[in-house]
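These are the structures, in structure tokens.
You will see chain A twice below: alongside chain B first, and alongside chain C after that.
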Partner chain A sequence: MVPLPYRPSIRAVKLMDNRGAKAISKKMLDGIFTVFAAVSVVFFSLRLAAGDPLEILLSQGLATRAQIEELRVALGLDRPLFSQYLDFLRSLLRGDLGKSLYTGRPVISLIKEQYPQTIELAFSALLFAIGLGLVLGVAGAILKQSHIGKIAEFIANVGISLPVSFTGILALFLWLQALHWATLEALLLSLKDLLLPALILGFASAGALAKVVQSGLAGSLREPYMLAARARGIRPRWRFIWHALRPSLPPVLSIAALEAAFLFSGTVITETVFARPGLGRMLVNAILQGDYAIVQGIVVLAAALYVFTQALSEILSIILDPRLARQQ
Partner chain B sequence: MFTFPSIFRPLWKAGHRVPFSLALLVGLLLSACSSMEEPLSIVYGLTLAPSGIDPHINASAELGIPLSSVYDTLIYQNPDSGEFVPGLAEKWTISEDAKTYTFYLRQDVIFHDDTAFNAAAVKANIDYVINPDHLSQKARFMLGPLERIEVIDTFTVVFHLREPFAPLLDSLAQVYLGMASPSALEEWGPGDYQFHQVGTGPYRFVEYVVNDHITLEKNPDYAWGPEFFNNKEAQIAKVIFRFYEDSATRSVALESGEVDIIGELPPQDAQRLAALEDFDLYPIPIPGQPLQYFFNVEVEPTNDLQVRQALLQAVDRQFIVETVFGAFSPVAEGPLTNDHFEDIVLDPYTSYDPEIAGELLDEIGWVIDEDQGYRLRDGEILALHLIVPSWGSNPEVGQLISAAWENIGAQVTLEVAPGFGKLREAQGEGNYQAIGLNFFGTDADLLRSFYSTDGLFNWSGVQDSRVEQLLTQASQATLDPDRRVKLYQELTSLIHQEALLLPIRDYVNLVAARSSILGLRYSSQGWFPYLIDLQFAP
Partner chain C sequence: MILRGAPILSVGWLILITIVAVGAPVLAPLDPQQPLGPPLSYPAQASFLGTDSLGRDLLSRLIFGTRFSLSIALLASAITISVGTLFGLTAAVFPGLFDRIMLWASNTLLAIPGLLLAMLVVARTGTGLASVVFAIGIGGIPGFLRLSRALFIQIRSQAFISSAVALGGSKLWIARFHILPNAGPRYISISTIHIAWAFLGATSLTFLGFAGDPSIPEWGSMLNTGRSFLNQAPHLAILPGFAISATIMAIQSLGRWISHISDPLDAGWRSSQSGNRNR
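For the complex of A and B:
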């Protein structure tokens, strides 16, 4: 082991300590406000845009107008929008997300049911995305002139540009072909449940990550401190990891945080193509049916996720590159 | 004692890693074999994950696919003859004024939880459905003007109606009014009951995992099926239902062996599968309304009968059906589908002739303006706004209709409404010459909400006292099927004469199944299979 030039993590933690409590409480307040704003926007825009849920609920052609109005009163949907909003906020503060209009079940338990599947897929996809993104990005930056670098860049571009709806179906057809040829049917069959969707989903995210890694690395490799580090006799591998790669990671982290929040709040297309349960499908169905409570519940969760992952990425960024804290 | 075969010994001795991976491999192969050698269960692919599967409360057709085999209904409709036959009710009588239905129940029926089936159970079911707090989305309205249920004795129950309601028998033959165990209804209540359903049918409900699967198991005690079931008891021990919402992935699921039966295949995939030896294709006609577009008689220029007639003749329906739906769908000829309502829909619709269409428009002053390329009258362009729903291939069909109308000199704008809420909203604004919507159903009374003056879906804006009279008579004044057919015939010809409707095609559900599965047949509604009749080829 070569001794490190300094111990960045400890210094960063000290920096955080100095301004810590204040900064963190400010972040939390910001976060709560963000969630509140997102939920409020969704509350009103849903009611203005999604169409009348009762019309959709009873769209079987059997209910009469009078019966629909009766139901509207029973559900409190005839009251002024603002008082419905206040009610909604009040129950939200109690941690109550309301009940689904269609099944009468509490939204919390609906989310709890679907969430493990979403977490499983999101986590696997994210791991794969970060791994592949780093490999492609590094290869693209340091082997820029060679074929390998160009291929890496090409793969990243493909990841960014092809929609999951396409790559998913393509993968599914290839998988079916493989199934025709292969004898290990059980192995292949089990791939479809998690590995295949995770790879497809991760591939799309990896493209964006690779691009950020690559451009960050390309920049820091040209910095004068790389020359200085070389002059100090630091080994090439450490030079690369500590001096070039490390400072180029914060932007990667913030992209990764966005991807993570996106993945963890449900992925509609992948879930649909691979016939997996999950929050994404639940959300889209709820929007189409005007099941307000479910949409609001998932938006609360998603907004909280975005706030949380952003905060996490900022803290990690400061640990990786303490200069960021000084700038703030 | 078991000794390892000698050829494996070197591997066994080579260290722990090899046997481990070997064991894994063998395990996988074994599990592959075991999943293939489990002929007593099948997987049925559903195409939409319903937002709830309580048949008394939720409305989707999808829920009926599994649950039609979990519940029995008071009466059944024989899918071959269309007749209503005894189910859980041995017989029934209808009073002279058609307001009182008396059902005499079978005495040998028990629910899957061993609760006895009787008149009190029927009352508990209907009370559950009509309880306004339970927010029933379909079943409640299928009961029409039901006033109350009266239990006469243990096995006799009476339905009292406020006014006659001819579709009642049709309603009572559907899963939405299937008979559930009153003790289970009481124990779980709305919301949770859907996970703990208990009926009397040939299959019992085992498990529902939202968005993932529904599992049913054979009910060995079943002995009260209607006479038209081919089998006395279920032949397949277990049926699992999974959801495939993306239509492109359905044939993949079937070919990969993930599912054994799957519906709603895209026509191209259906055609391909039909040609393969391992699969059978079942095109199942779905009764109700065809894919259709209503002309708005309340706005210019479609308030003019001759304009509507011209627009009808301008559209080559045969071409549209072949282009969008392939060879499997019949061209629609009226406000109801041909297959199920063949007695009602008699005369074929207007045929395609763009020249006559042009002449009709010329006659009433809509003439081509060479500069603009459109038809004009008094300096106004023949402008049409067509609203179509985003589902059921409506956007593709809408494109072709727009092109056909452009072809005779109209200026067409096409609006695709995503979701029913948006469609309803766009309709509410009233700014359209034609709009698409269609429902499925086995009773012609379906037409009431579309053509009655205050009907919820009277999107044509029809206000015709004769239409009103026909609709009321057919649903209230008579229960005589022949008389009802006559009334609906007249209504259909009125709709034809007034050119209120552009019908495109009758819906056909393209189902494919592994050839080793026999006996696949469906109820009159078209969607619901009789799982009891399924069996494996010997």
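For the complex of A and C:
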């Protein structure tokens, strides 16, 4: 048989070696275990602590004693804790998160109902955050000595520190003032639902990203390979993007993954300030009502998102900087 | 330029609010709980900063709010920092199974966002200021544990610890007289920055209405009740919001400044990693 000709393009497509793949599969296993552990912690902490969720229904006069006993049997709450736990895990594997105590509807369908709103906000906030974070971080790193760099750093610090409750209310206030300006009214009304909260939320996330971009870039710009690249006559722009920016991206990715996991699991305060429906509002209401099935469902989602985004960022990091696989 | 004066401004603000918190009964012109004037008056109408929706004096409420907001954040941080330091130090001194368990537990709990973890605690204890303290105190432990553990382990891996071991020092002695003192400024820096997060977290929870009684003059609850009147009396929300933001920025800038003067090369971004997820 004629041996296949050597094709360099295949090598270029092969993004990582065996070690990289091994590191990633280990991360995946770790991740599944983390979700399992987080879910168990939540399950037991919601049940072992004092207080019977069904007694709350009784004390609020929402149900009679007989109805509660009936509900208790229907929900399986009369059985020993450990068998409830096994049941919970079994139904979790089937993608069933249980039923809401108040409405009796499956938690999964409640989440599905609210989720599009959350995704919409989280996605636009994340895009804005990554864009602004990169700009601020790069400006802070390469213009470190000038006023522009210092201002970029200051804006990033402000973004990290200011509570969304305050920036959101401030934005809402300015928006209300601008509303008096009748010519812009139609435009402004369309801004309030998505753009305003996304900007506020994205601004807060951008601060953290800018910090990591800046410190990573400051490190890689000092590396001797930057001098070597310059000596080889590589164009400044390419040198900056490929030699300086690329190796400083893995920590940025891991922060971006944290932000994404957080944003996609519901942003309680932003949703409250802007009176938007979404997972965050649902969670607060569930906590105030004592509806632990919903709380549990949202925590499962948050933990799974965290693990998933972390794994994704690890994989992308190893592709960006293959040395990382060898360090593990 | 702008940034050079930041630590001085921050320390000034923190001293000011501490004095205000301690001297609240003397400094407040009126009773923060009693309706005294017409509702929703503008500053300098009925009183210096105007009145809220129930006719209570805003300035007095802000002054008493300093007490509540600061003490919630400080008590919660005390819980987090003492538990986190204890476990972090023990993990650094016993590098075997205990350290692995601690690392694993904190990583697992970090899969749940901090505010969500705090809200889980509130879900069990019910609303109220005490449960906010516990919730923020417990919710911060995984993040602080991870930071302090990393710091202590870095110190433990240095040569003088090995020589202390070779001299026959006990674990407790090494932890107390070698690791803890040498963690010094950086430990103070991460703790300071943690207090800023605790403050942010506490005001976030009270903003969401977890303080229980809305008549308590607490900055987060005031921000929450004030936002319904953004059109008629914007100062009701903006002033407490400003006070919260200024305090967070002041504590953080103090923490960053400590970390900068003690360790100029570490840009200090690591401390922000555990940070702001209170959105």
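Methods note: the second predicted complex is superposed on the first by the 278 of 328 C-alpha atoms of A that agree within 3 Å, B and C clash if a C-alpha of one lies under 4 Å from a C-alpha of the other, contacts with A are read in each partner's own complex, and residues count from 1 in each chain.
Everything below uses one rule, namely that a residue touches a chain if its C-beta (ideal position, glycine included) is under 8 Å from a C-beta of that chain, and two chains touch if they have at least 3 such contacts.
Bear in mind that the values here come from a model prediction, so they are computed numbers and not experimental data.
K.L.:
Check whether A:Ala171 is in contact with chain B, with chain C, with both or with neither, and answer first, second, both or neither.
P.N.:
After superposing on A, A:Ala171 lies clear of both chain B and chain C.
K.L.:
Please work out whether A:Ile142 is in contact with chain B alone, chain C alone, both, or neither, and reply first, second, both or neither.
P.N.:
neither
K.L.:
What is the contact status of A:Gln114 with respect to chain B (first) and chain C (second): first, second, both, or neither?
P.N.:
first
K.L.:
In the overlay, answer first, second, both or neither for which of chain B and chain C A:Thr103 touches.
P.N.:
In the superposed model, A:Thr103 contacts chain B only, not chain C.
K.L.:
Look at A:Gly290 in the shared chain and tell me whether it touches chain B only, chain C only, both, or neither; answer first, second, both or neither.
P.N.:
both
K.L.:
Could you look at A:Ala218 and tell me whether it touches chain B, chain C, both or neither (first, second, both, neither)?
P.N.:
Only chain C is touched by A:Ala218; chain B is not.
K.L.:
Determine, under the contact definition given at the top, whether A:Pro277 touches first (chain B), second (chain C), both, or neither.
P.N.:
It touches chain B, and chain C stays clear.
K.L.:
Which chain A residues are contacted by chain C in one complex and by chain B in the other?
P.N.:
50-51, 169, 172-173, 176, 272-273, 287-288, 290
K.L.:
Which of the residues in chain B end up touching chain A in this complex?
P.N.:
So the residues of chain B in touch with chain A come to 28-29, 31-32, 35-36, 49, 51-52, 54, 57-59, 132-135, 137-138, 141-142, 190-192, 194, 209-212, 242-246, 248-249, 252-253, 255-258, 418-425, 439, 441, 446, 449-450, 454, 456-457.
K.L.:
List the residues on chain A that touch chain B in their complex, please.
P.N.:
Touch residues, chain A against chain B: 50-53, 55-65, 67-68, 70-71, 74-75, 99-105, 110, 113-114, 117, 169, 172-173, 175-176, 179, 184-187, 189, 192, 272-278, 281-282, 285-291.
K.L.:
Within their complex, state which residues of chain C touch chain A.
P.N.:
1-3, 104, 107-113, 115-116, 119-120, 122-125, 127, 196, 200, 203-204, 207-209, 220, 223-224, 227, 230-231, 234, 237-238, 241-242, 244-245, 248-249, 252-253, 256, 267, 269, 272-273, 275-279
K.L.:
So in the complex, the part of chain A that touches chain C is made up of which residues?
P.N.:
34-35, 37-38, 41-42, 45-46, 49-51, 147, 150-151, 153-154, 157-158, 160-166, 169-170, 172-173, 176, 201, 204, 207-208, 211-212, 214-215, 218, 255, 258, 261-263, 265, 267-270, 272-273, 283-284, 287-288, 290, 292, 295, 298-299, 302-303, 306-307
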